[in-house]
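Two complexes follow with subunit A in common, the first pairing it with subunit B and the second with subunit C.
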Partner chain A sequence: MDLSSFAGPFLPEILLLAGTLLIFLLDVLGIRRIEVTGAVAAGASALALLFVVADLGFAPLAFLANLSAGQVDVAIAPGATPLYAFTSLGLVFQGIFLTASFLVALASMSRPSNERGAPIFFGLLLLATLGMLLVTIASDLIFLLLSVEIVSISTYLLVAYTRKDVRSLEAAMKFYIIGALSTTLSFFGASLLYGAYGTTNLFAIRAVAGSVGYPVLVLLGYGFLIAGLAFKATLVPFHAWAVDVYDGAPTDVTAFLTGGSKKVGLFAIFLVFLGPVLFVAPGAGGSPFSGGTVNIGPVLQVTLAILAVLTMTVGNVLALLQKEMKRMLAYSSISQAGYMLIGIVIGTSPALTGATLQMFANVFMKTGVFLVVAGVTALGVGPLIDDWKGLGTRRPLLGVAFGLMLLSLAGVPLTLGFVSKFVLFSSAVEAQGYFVWLAVAGLLNSALSVFYYARVLKVMFFDRPEPDALPTGAVAGGSEPSLLAAGGLGYARATAIALIAVAVVAFGVYPQPVLGAISNAAQHFIHVGP
Partner chain B sequence: MTALPLVGFVALSSALFAVGLFGILTRRNFILVLIAIEIAMNAAILNFVYFGAFSNGTAGLTGQAVAVVLIGFAATEVAVGLAIVLALNRVKGTINVAQANELKL
Partner chain C sequence: MIPLLSVIVATLAAGTVLTFLAGSRARWVALATTIVFLAEVAALFAAFPGWPGYNSALVPGFADGESYSWISIAWMHVNYTVGVDGISLVLILLTAVLQLATVVYSWEEQKRPAAYFGLVLLTCFGCFGVFIALDVLLFFLFWEAVLIPMFFLIGYWGGPQRRYAALKFFVYTHVASIVMLVGMLALVFYSGAASFDFSAIYASARGLSSVLQSFMFLALFFGFGVKFPIVPFHTWLPDAHVEAPTGGSVLLAGLLLKLGAYGLIRWAVELLPSGLHTMQPVLYVVAFVSIIWGSVLSLSQRDMKRLVAYSSINHMGIVLLAIALDSSLGLLAAVLLMFAHGIVSALLFMASGSVHHTFGTRDIPAVGGITPTTPTLSTLIMVGSLASLGLPALISFPAEFTALLATWNTLAYWVFVPLIILVVTAGFYLWMMQRMLFGPARGIPSTAHDVPWYEGAAMAILVAFTVLFGILPGLLVNVIMNSPIHGFPGT
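Let's turn to the complex of A and B:
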């Protein structure tokens, strides 16, 4: 079947939009059961994911591919200013975002069925994912920022969707104010760049990036733009909102925020940063502080390198001090953004591979831990880390799954987290210069992070719970809880958690297919560019 | 059009942006924060309008088109903000940003 003649290159996007509209239509018709709307959301995400994987050249699914070879990674003719362009790295990111949305939709089908707002939750989830897919193909600054805003506006509402819970409403309010602030910052930056370059197209900007005057406009423009996007990506010092929002939001939404929407900010930084860095000859233009024509690349690179080190260190140190599970994981999520930024800063093909692989790993690990926390909280376990005493011995399967995710976050060998950190840090060492220090900072931070992950493991597996403090977990039947699926977690959530645990180990032991696809995509990206 | 210097226009929108930013950071009433967000957003829109007017050919049209799109976008964003503030007011009875303290430890 020739799908491209039917739906064009936007089949995954159309699927998500159709899913959103279907969910809202069902809502109007009075069909609001969480199983139905959740199945639509998970199904649309999974189907779109299959199409994207097929487009990436996965042979067994080749019959599903809807992009022909002439549409991906095409070199842009000089002077052309397309609004969007398909790159294989963008497709990899589409896969990452769709995985996050699929896992969250699947697990959320186990939310309490008497809870109101299931159509809102799943509809907005698909809409946010649609925005993420558009971000990955954007090649125009305005297109990019508007797509980022589709994600942001949907996620503000996702955080507030219960409409009764004071904590999540306050989280939504903080999220909204900070989000709107960052939006105005990035649009103001984009307007200054439009003034300096006379265009908003990323290809056109890249073509003139080394030969334009107006140093003040360029410097301020990139400063505002990167600051605005850094808010979305929770880079230190723009991170303070993240912990409150991740803590206050319904935990399944938090899983989507850390797994999906945070990476939107990172990918957007990727796109606006790589143009002036990769495609401007090293000698071209002067420093923005010396006047004349401007080469913004080196200044951006140093700034982002400092942000990367700050983000890793501050995130990890503050995570060490937390007593609450969700806040600890929120800080660890901030520090993870720092690792990913290393790869973006360096900008070589192995480094891009490392950063992308780190994000791929992060989708499973971070989404996974928050999905577990959501399930365990529903069992009646308190918010503190100490409340998790003995959970690992009481619920061995759940404990092992959660333990695997934590080990992978810490970067223990034979897990996906180890592979991604290995590729990332070795690429930094390879790149020489001050990038080696980024690798050193990353390694030290990984060592630091082992402390707080190990503390959770110790509490779960080696601490004896006080007899009366132990949650029985016997929510539904009143009998002794069974091992994993039935014991209050719900089958859908248990399936999602099991999938993640298996993926973390399977890709950790046998990373070659993913590694090959990502490194191939990164090489193309270096030549074609954003 | 060339009689007026571009620098003056940019200074105006920068001042407007500073006013908006100051409002977002200091106001305690959520509605006033929303208004401040609008002011800052309009500074960016104004920038697109001037830079579009001062450049030639189709590049100038981009600025005008983007300005119109952003006006629509800003309205969307404020609508969502009002929805959140309405829900918060129902549950908590206040829209004071400083009293949002449920999440502090």
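Let's turn to the complex of A and C:
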């Protein structure tokens, strides 16, 4: 086999693996400074990201794309059962995951340079990202679930990497137990599906799904599979673990969990449901929801629709009640998963575009807010929202950046978060029928969410801090180093935060490049399949 | 060709940002922006409708059309499309005049002036955008852009109950705009419009079935109606008005209420004719109830600001009635009424603000015989009240006359409902004048003095427009008639 034709499409994965091995090698050699290991992790992620963007057809990077030319969105020969297939939607998600790992790696370089466990942190970060990249190319249930396992095991360890912090250890233990349960459920579901279809390959399942129909075995199989993956994606009612874990984990890890690894579950649901096009009876023609003799598709669909509405509502209402910053953001993260699920429920290519754009937006917003929280916590600010009093006026740039992320999460116009919600809810109306109510539910929820984001803005910009509320020296009084947020935060973290703030506004004002790419990818995905 | 509308957008955007950053000089920046804005609006008027860039490729009749692609994917084409017709042009003039009056009136604002003037400009910017936007997303962006600065104006600069009032305002109007957005998206996607542009929807929406049109019309009517406000969704208005600072009240009554009526005309009446036809009885009922209920509530008010606020519900009810008539005369009357009410209610809110500054209370029975102490203020209140009750030669008269005529043409004897209510309106304004302006002096603090120059100047500007268009309403009528509405010349 010609090397470039093999290595080409796998170049991002190879880069990440090489980065991981290099970090562990440096660890053995005694080079453990956070600047070095962090630079390796951030560099590997950035380079891999460049290749992915090039593969997506971004013109200025065309010279990089030659390596994998012609291997994306290739139609599969009838009867072939490949383990993996490169789709442009998968590449978009690779981009999303690599962005998360790059931003987290970059910001984490600002932690104390002699911090113990840095090689473990960055190595596992790359390893988890590698697992995510594999998820995006999977076209076989076993391959898919094993890739999800790579992500899961790496992230269990990531949560516990400090090894001393009791809260982190508790969170890791909880994460591990729940994760193990969900893995069991998924594999059980997959084995039931194997029993029903005689294969675990998504292409093969797609070919036989129509003739097998929807016996109990298939329903149970998909039921268990949904349940298992819903744990990963923090869908209500499988969400209970998420807040404790997000709250207890080191905040930089939380940024990665909500920004990156949670979307693994959602993408896996994309693959499992839209890949075999479960809702689309074979030969149904243009409309996804007409035709087909067995109407179990709609039943599953309604179930998922209820899950979506429940997830966003429960997440929002509980976020409204929180007093601690991290827990509030954790609940809001759950509600965001509900919006993304809408895309799967509707299952048209516009809806897939909307959901994917929502995840793209979410990477910046959610990773961003937790990176800010991590930085601000390191400055000595307490966990309560009220502890942030006056932060916006004392550190205007940091305040504005954080404010932009919150506004984007709330879906305020001219931010990325608004565009993604607008596209998503438009796609729900576009699909017509009862999906219009999903748009209404989503819009009402996003109106509700404005309140808890606005409360943080009010605390940051309008409330005066009590004199002794802020620890002296760190952020209080005239000891403020400069307007530039870098002071105390570290330049790497400040850069990451600034990048995110700029992206949130830039893509909000002019989303066309990203939206165009995602739309093309979604169309390919619906029509070609994994 | 100069893309004049985009130039104005850029002016207002830059002016708003600079005002926020200008610190203690914010009022000067705001004033400069406003004057440039006025000059640009004058240029728009001067060349309407024969402007060189007159783009008949849009819906016939929109002048100064500009369209640039913004988002374009397989199933969604959003453009930056703007344009004006006679209806929007008149309301743009109203925006510019009220912006000037508000900036001048608030000249000595002490509490965070940069933020205050910035928010005032942002509100007017949003209103201007709503009046020029011819694309669903663009319209919605500007629509929401009005909401947020008004929320802060009420919530930060308002009276004792400001937090409650701001929140109520926000919840009511935000929920309404969500319903409106869903209605508009449904309009785009159910009609299969080629893009989110007004012209594309205009071309395809007529193919929708009457039932679908009715549902969409109802959604849009609810969305726009809360801003009107229509009874029973009016309760946010008195609270917001009473708690808002005077500048906020002026913009609220003068501009924000017009957004609802404008949106209804542009996005519901013009696009969904058979929806309007089916829903006409509903609109009539709502309009009559609003007219009567607003008037009855006004009668029972002691607070001058509250009185003006409730009379707004009454006046906007007449606007709704005029729109519901579904005749070109009715639409003409609606737009004239919107302009007249914008100017006059702004004048009265400013007057009640000045009463509050001067006498420390707005309670009508508490003060009396103020004319000898404060002759200027007294005169201005009188002009405002007389204009509001429809005295000929002042701006409300031609508007109300047209509205009654249009009502007679379509509904015949039902015209007595608004007619009798207009008499009642005249009654409560006369009664207020009698109690406050004339008679023996009562409740006047010894420190009371006449209005400061800036408050007087702001109100004088509005009085000038009241008289100008009261005597020459034809100026406005000619502009409005040049609109692409069925029945108007120029269609």
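The working rule: the second predicted complex is superposed on the first by the 484 of 530 C-alpha atoms of A that agree within 3 Å, B and C clash if a C-alpha of one lies under 4 Å from a C-alpha of the other, contacts with A are read in each partner's own complex, and residues count from 1 in each chain.
Following the convention adopted for this analysis, a residue touches a chain if its C-beta (ideal position, glycine included) is under 8 Å from a C-beta of that chain, and two chains touch if they have at least 3 such contacts.
Quantities reported herein were computed from a predicted structural model and do not represent experimental measurements.
Colleague: First (subunit B), second (subunit C), both or neither: which does A:L266 touch?
Modeller: neither
Colleague: Figure out whether A:Q523 sits in contact with subunit B (first) or subunit C (second), or with both, or with neither.
Modeller: In the superposition, A:Q523 contacts subunit C only.
Colleague: Go through the superposed model and pick first if A:L98 touches only subunit B, second if only subunit C, both, or neither.
Modeller: So A:L98 meets neither subunit B nor subunit C here.
Colleague: Is A:V514 touching the first partner subunit B, the second partner subunit C, both, or neither of them?
Modeller: In the superposition, A:V514 contacts neither subunit B nor subunit C.
Colleague: Is the number of subunit A residues in contact higher for subunit B or for subunit C?
Modeller: B
Colleague: Determine, under the contact definition given at the top, whether A:V166 touches first (subunit B), second (subunit C), both, or neither.
Modeller: Only subunit B is touched by A:V166; subunit C is not.
Colleague: Between subunit B (first) and subunit C (second), which, if any, makes contact with A:A361: first, second, both or neither?
Modeller: Touch status of A:A361: no partner.
Colleague: Looking at A:S191, would you say it contacts subunit B, subunit C, both, or neither? Reply first, second, both or neither.
Modeller: The answer is first: A:S191 touches subunit B but not subunit C.
Colleague: Between subunit B and subunit C, which residues of subunit A are contacted by each of them?
Modeller: Shared contact residues on subunit A: none.
Colleague: Where on subunit A does subunit C make contact in their complex?
Modeller: Interface residues on the subunit A side: 349-350, 353, 412-414, 419, 422-423, 425-427, 429-430, 432, 436, 439-440, 443-444, 447, 450, 462, 510-512, 515-516, 519, 523.
Colleague: Give every residue of subunit A touching subunit B within the complex, in rising order.
Modeller: It comes out as residues 142, 146, 149, 153, 156-157, 160, 163-167, 169-174, 176-177, 180-181, 183-184, 187-188, 190-192, 194-195, 198-200, 244, 247-248, 324, 327.
Colleague: Sort out for me which residues of subunit B touch subunit A in the complex.
Modeller: Those in contact with subunit A are residues 10, 13, 17, 20-21, 24, 30, 33, 37, 40-41, 43-45, 47-48, 50-52, 55, 59, 62-63, 66, 69-70, 73, 76-77, 80-81, 83-85, 87-88, 91-92, 97, 100, 102-105.
Colleague: Give every residue of subunit C touching subunit A within the complex, in rising order.
Modeller: 70-76, 137, 140-141, 144-145, 148, 156, 174-175, 178-179, 181-182, 185-186, 188-190
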